[in-house]
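Some structures to go through are shown next.
First chain A sits with chain B, and in the next complex the same chain sits with chain C.
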Partner chain A sequence: MIFKGGSFTATSLVSFISGIGGAFVEMVIFQILVGLSTAMLYWVVSVGLTFIFGVTRVLNFAHGSFYMLGAFFTLTLFKWTNNFVLSAALGSLAVGIIGLLCERGVIRFTYSLPVAFQLVLTFGLVLIFEDLVRFTWGSVPQMMQPLGLGTVMVAGRRFPIYSFIVMGIGLSLWIILYFLLLKTKLGLMIRATISDIELAMANGINPHLLYSFSFFFGSLLAGLGGAITLPMCSASLGMGERIIIYSFIITVMGGLGNIKGAFISSLIIGVSESLCALFAPGLTIAISYIILAMILVVKPEGIYGEA
Partner chain B sequence: MAKRSNNLVYLALVFVLLIVLCIPLLGKTYTNYIVIKISILALYGVAFNIMFGYCGLLSFGHAIFFSASAYALGVSLTKLNLPIFIALPAGLLTAVIFSIIVGFLSLRHKEIHFAMITLALSMLFWGIVMKWRTVTGGEDGITGITRSLSITSYYYVCFIIVLFCLFLIYKILFSDFGLLLEGIRENEIRVEFSGHSVIRLRMLAMIVSGFFTGVSGILWAFLDGAVTPTIAHWSFSAVPVIAALIGGPQSFIGPIVGTVIYVIAEDFITRFTLYWQIWLGIVVVLIVLFFRGGIVGTISKKISDLYYSKLKEKLS
Partner chain C sequence: MREVPETRREFLKKLGIVGAGVVVCGSLGLTKAQASSRKKLKDKIKIGHIAIFSGPFGTYGELQKRGSMLAAEEINRAGGIQGSKVEIIYKDSRAKPAEAVKQARRLVESEGADFIIGIDSSGVVLGVAQAMPELKKLLLVTHAATHKLTEELVYKKGNKYVFRLSVPTYQDGTMAAIAAAQLPAKRWACVHPDYEYGYASWELFKATLKKLRPDVEFVGESWAKIGTTDFKPFISSILDKKPDGIHTVEWGVDLFTFVRQAKEMGLFDAVRYKDGYAWINPMGYSIDAMEALKKEYPEGCWVSGRYLWQYPPTELNQKFVKAHYKRWGHLPAYSGATSYTAVYLIKHLIELTQTLDVDTHIKTLENLAIYSPVGEMLIRKEDHQAVYDVPFGQIKHDSKFPIPVLKNFFGMPAQMYFRRPPFTETPPYTGYPPFMSL
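What follows is the complex of A and B.
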């Protein structure tokens, strides 16, 4: 206390300030950790979108719906199996297959069309999926029963262990993508298709197989994102919409189709959002748009440019 | 043939006008309401189509202009208690200012980037509207915007304003300016080489589009007597996109036809089922896959094909 028995002492002032400072630093560290775990969630979803765009040049509006489907599939599977890892894996696999079916069924006919048509087509898919989910699961948000992993004390606060797991998943996805793209034959083919599709075709690469693969893989990642968000918040109808806007922001900010850019900009968005919640709570909803606007004014093609 | 088809168009126009003028005589408030809704959304669609059909820029955030003017009107009427002759220009001015801001941030980009940035900005506005409760009323919106007109008189007022605005847009789009916009859509570099600033032309188009969207937003606010955040949401930005696609974005009249079909279909399907979005989605997918010219585009292509085949017969 500053006023000790009514008298003001210099030492108490110092201890007051350092006390504030310590609490402040702890608070910032804690918020950064929270931000990192959100950022990893954003990264898992938006890298799927980026991957699809990089290979096929289609910006998939329905990506948010796939995220939502992933959450609802996992929820139902968890009720049946009571095994979260298994249901998350199966759920995201199912979403991947749905993505593949959408690509084979409708999206592949629009590859040669102007971008507007692809956007509108995938928007039509959003409408369809939204009603299907409403029909199957109802419009009331549904919680999964908690996993009960517990918390650890970080900087004097309780921090859920599950958030560390989310960060781990995000980082391992980064490593997996690195090896997939840079160390395997498939990755070589994908990179060749991204950089010059005609030359890639001339070298015997079938782009349509890669297109299908990228839709499968990207949608699987969206489903995985939906699955891992489930222990943290409820599955609801509007969840896909929020995440698709964030994925768009991240994808545009990092440079369309640029995976490294998606990683960096998810970190920026996630951390700045949670820090903003600490310093200027009223601004939280706007901060990511403000950052996007600032970056686009300085670098119109995104942080790392278009892939 | 071209002249005769023009005459046909005029005839059809007069016919539609007569029908619309006679509808209030039925005395059914709900029908009046639906027709007012159609005319407002038709203006919204045509204003949007200045960017989409004529500039080739797909804006996924036109709700921002619509809702900005409606909110400006609502706030100045109910919170600031300003008289209506100040509130109306305030609403329109807000739409113009918003279109300048959005244009400044987005017009350097094309295609996907443009769509994404307009979408992001409009969602930012939606977020602000939802959170800034003291001014916008949050989720409840602003209520108590009164119009002293009965629904029948408002019907005619609305109709006349919409017709006048459509006439203005028609004049703007079929002037040299409109031709330049189409030129930019087809080949940006050539227009630039002929000494025009592409960015400035696009900015002008954005302002015109934003202004008329603002007009429709104001009409909407008076129709419902309330402004709610649904009109700021991105699903409301999708309404003119879908309407333009159904009708045919490459023609002036396309979005109007599309809006008529969209509103009537929505009204019709929601009578039978709660799940009307799925049908809308299926229609959108089918249009993109099979009828990319929209209704007007498909029909006019049929007519011109017929005309040319007859011409060929004559020549041979």
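What follows is the complex of A and C.
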């Protein structure tokens, strides 16, 4: 009785499991599913941050602002086009371009400077984007029309179809990154730059091109994260502040610049928060920090180590 | 069930026997000629207004500003306060206690503010209130709700510089429970923001509901951090507890997100009863929420605010609502109405006392009756809390108005549900209090 109103092959397996523990197992399975959909959103945003750090070694505070911009661009584009897929795609692309312009315009001058300069600079960008958004869209949070995709019954509970789509986007991104990094020449260049920039340069790789690409792609992912959040919640000032904290937790937990690490840590954070809401509601706010602390005690370099 | 107009008359009657000062906030009081004949105390009366102007809750500062700025404009057009112009200096608390304290200091010590008003968020207000005795200026709180401010800091610790013109968590917890007790629901659960305000409201709610309805159970609770974008884990864990009533004090952007996701996952359907939803959301009729959610907020939910533009149906309130709409193109928010009241109160306080001496002001404010757009308030001497009632109502979508309206008002005189010194007994009380100790 897990997937009502849909013929999934998983039905028999899950009904077998739920036969063992009954309602309790169904409840836990549902909560894990809910956690996975949250995790996929964290993953889309944090992998952008991880990617940028992996290639350029810049900890980009403005990543959260790009997420916010993605939401606001999509909001406005949706008002004009009434087509969410198109709006999200164009919105993320626009954010990618803004990321690229920031890199070319200012961030590239800090590559050779101590890391504190990058932090101050990208934090400055946060303030600038925050005020630009306030100036353009005002300070009132805005909501998009609900997409109205409806829900399916999972484990006797309603699960939004849109959350399945978010999970699909997250998994597709994983596959795309896998091919990009392991199967293409660009990926080879990126991996070479990540592992040893001097050797890479000696082999004729132009790191500046890669730096620009990584900012474009990483910012695009932040924008995409903002875009896909929009049907679930409002576009508001400061929304970037909240996601950037998660992105940093996930990036550090997985190992700085480690993409596989970011994926696994997103899953850990998303699912443990969700289970915490069920079993220890008072701890939900703290659980991600507790897990981060525990992992760093055991493995100070993160789950998979720094890339 | 009490009819609201009747309680209003009763309240007026009660105020009639007070015999203390009465001021009307929203009317100009003195005529221009009278005002100009009085001594000008200062070139400019400066009011520092601290609120949240940035981040996800930045709207709340704007909502307050609309009220205080409107009042200042009206007062200045009519000749100011005995000839002194009113100047309001706005400061961003960024929702952080330390930042707000810093701004309060700056306002008083280097910008010459004579009064401080505003403050959103319970955590912030406790910080600023503790700095006031040192700054020796009045703080008129127009939004933050924690009852600890008035019960502990003012009543128990004797911090006399702080007054609150907005309703405390008695509205969000106690009155919410009185409204909940009328509903058939027996299994209550909560989804609250994970900070002071959420915990305070839930404790008051449970205590009063248990007193009125010993048959109810509290089956589950969820604590979501401020800024949660995904409420699904909280909603599904609450759904698993099979509640038939929900109490939530989510507000601002979090409320928008929560309502949208709760609707999708069937939390409203779970608490449906024949006349609506056993859904109690004390901050649900906040203007920002109504403007963002509009018809997405289901009809029949029970919501309130710290003031409702439809209530009280007095001329003074209607005049304020019209002026606010004309000036800003929006209906007034509760914090706008209380900020408007605060600025007028300062004007009347100065005209009444003819001084800027803070101790005289404190003495005058204690036991003062105020007639304002938000209703007839009495500032209690013991805890410096303005006592006034705000009813709950059910959401109704009405295309004649820019936002949903409220119907089926359900209220009670504030003296019956505001906790009384020494704050040990659980409201509602029977009978009126002997709290006027003149």
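The working rule: the second predicted complex is superposed on the first by the 286 of 307 C-alpha atoms of A that agree within 3 Å, B and C clash if a C-alpha of one lies under 4 Å from a C-alpha of the other, contacts with A are read in each partner's own complex, and residues count from 1 in each chain.
Keep in mind that, in the parts below, a residue touches a chain if its C-beta (ideal position, glycine included) is under 8 Å from a C-beta of that chain, and two chains touch if they have at least 3 such contacts.
All of these numbers come straight from a predicted model, not from anything done at the bench.
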Partners on chain A (chain B, chain C) - clash or fit: clash
Touched partner set for A:Ile285, first chain B, second chain C, both or neither: both
Partner chain(s) touched by A:Gly168 [first = chain B, second = chain C, both, neither]: neither
Partner chain in contact with A:Glu130 - chain B first, chain C second, else both or neither: both
First, second, both or neither for A:Ser236, with chain B first and chain C second: second
Chain C collision site on chain B, chosen from 3-11, 39-47, 201-209 or 219-227, when both complexes are overlaid on chain A: 219-227
Chain A residues contacted in one complex by chain B, in the other by chain C: 130, 134, 241, 282, 285
In the complex with chain A, residue positions of chain B that touch it: 52, 58, 60, 105, 108-109, 111-113, 115-117, 119-121, 123-124, 127-128, 130-131, 234, 238, 241-242, 245, 274-278, 280-285, 288-289, 292
Residues on chain A engaged by chain B in the complex (per definition of touch): 59, 106, 109-110, 113-117, 119-121, 123-128, 130-132, 134-135, 241, 245, 248-249, 251-252, 256, 282, 285-286, 289, 292-293, 296-297, 300
Interfacial residue positions of chain A with respect to chain C in the complex: 27, 30-31, 34-35, 37-38, 41, 130, 134, 139-143, 146, 151, 157-160, 163, 229, 232-234, 236-239, 241-243, 273-274, 276-278, 281-282, 284-285
Residues of chain C defined as touching chain A within the complex: 53-59, 61-62, 194, 220-225, 227, 229-230, 232-234, 236-237, 239-240, 252-253, 256-257, 260-261, 264-266, 288, 291-293, 296
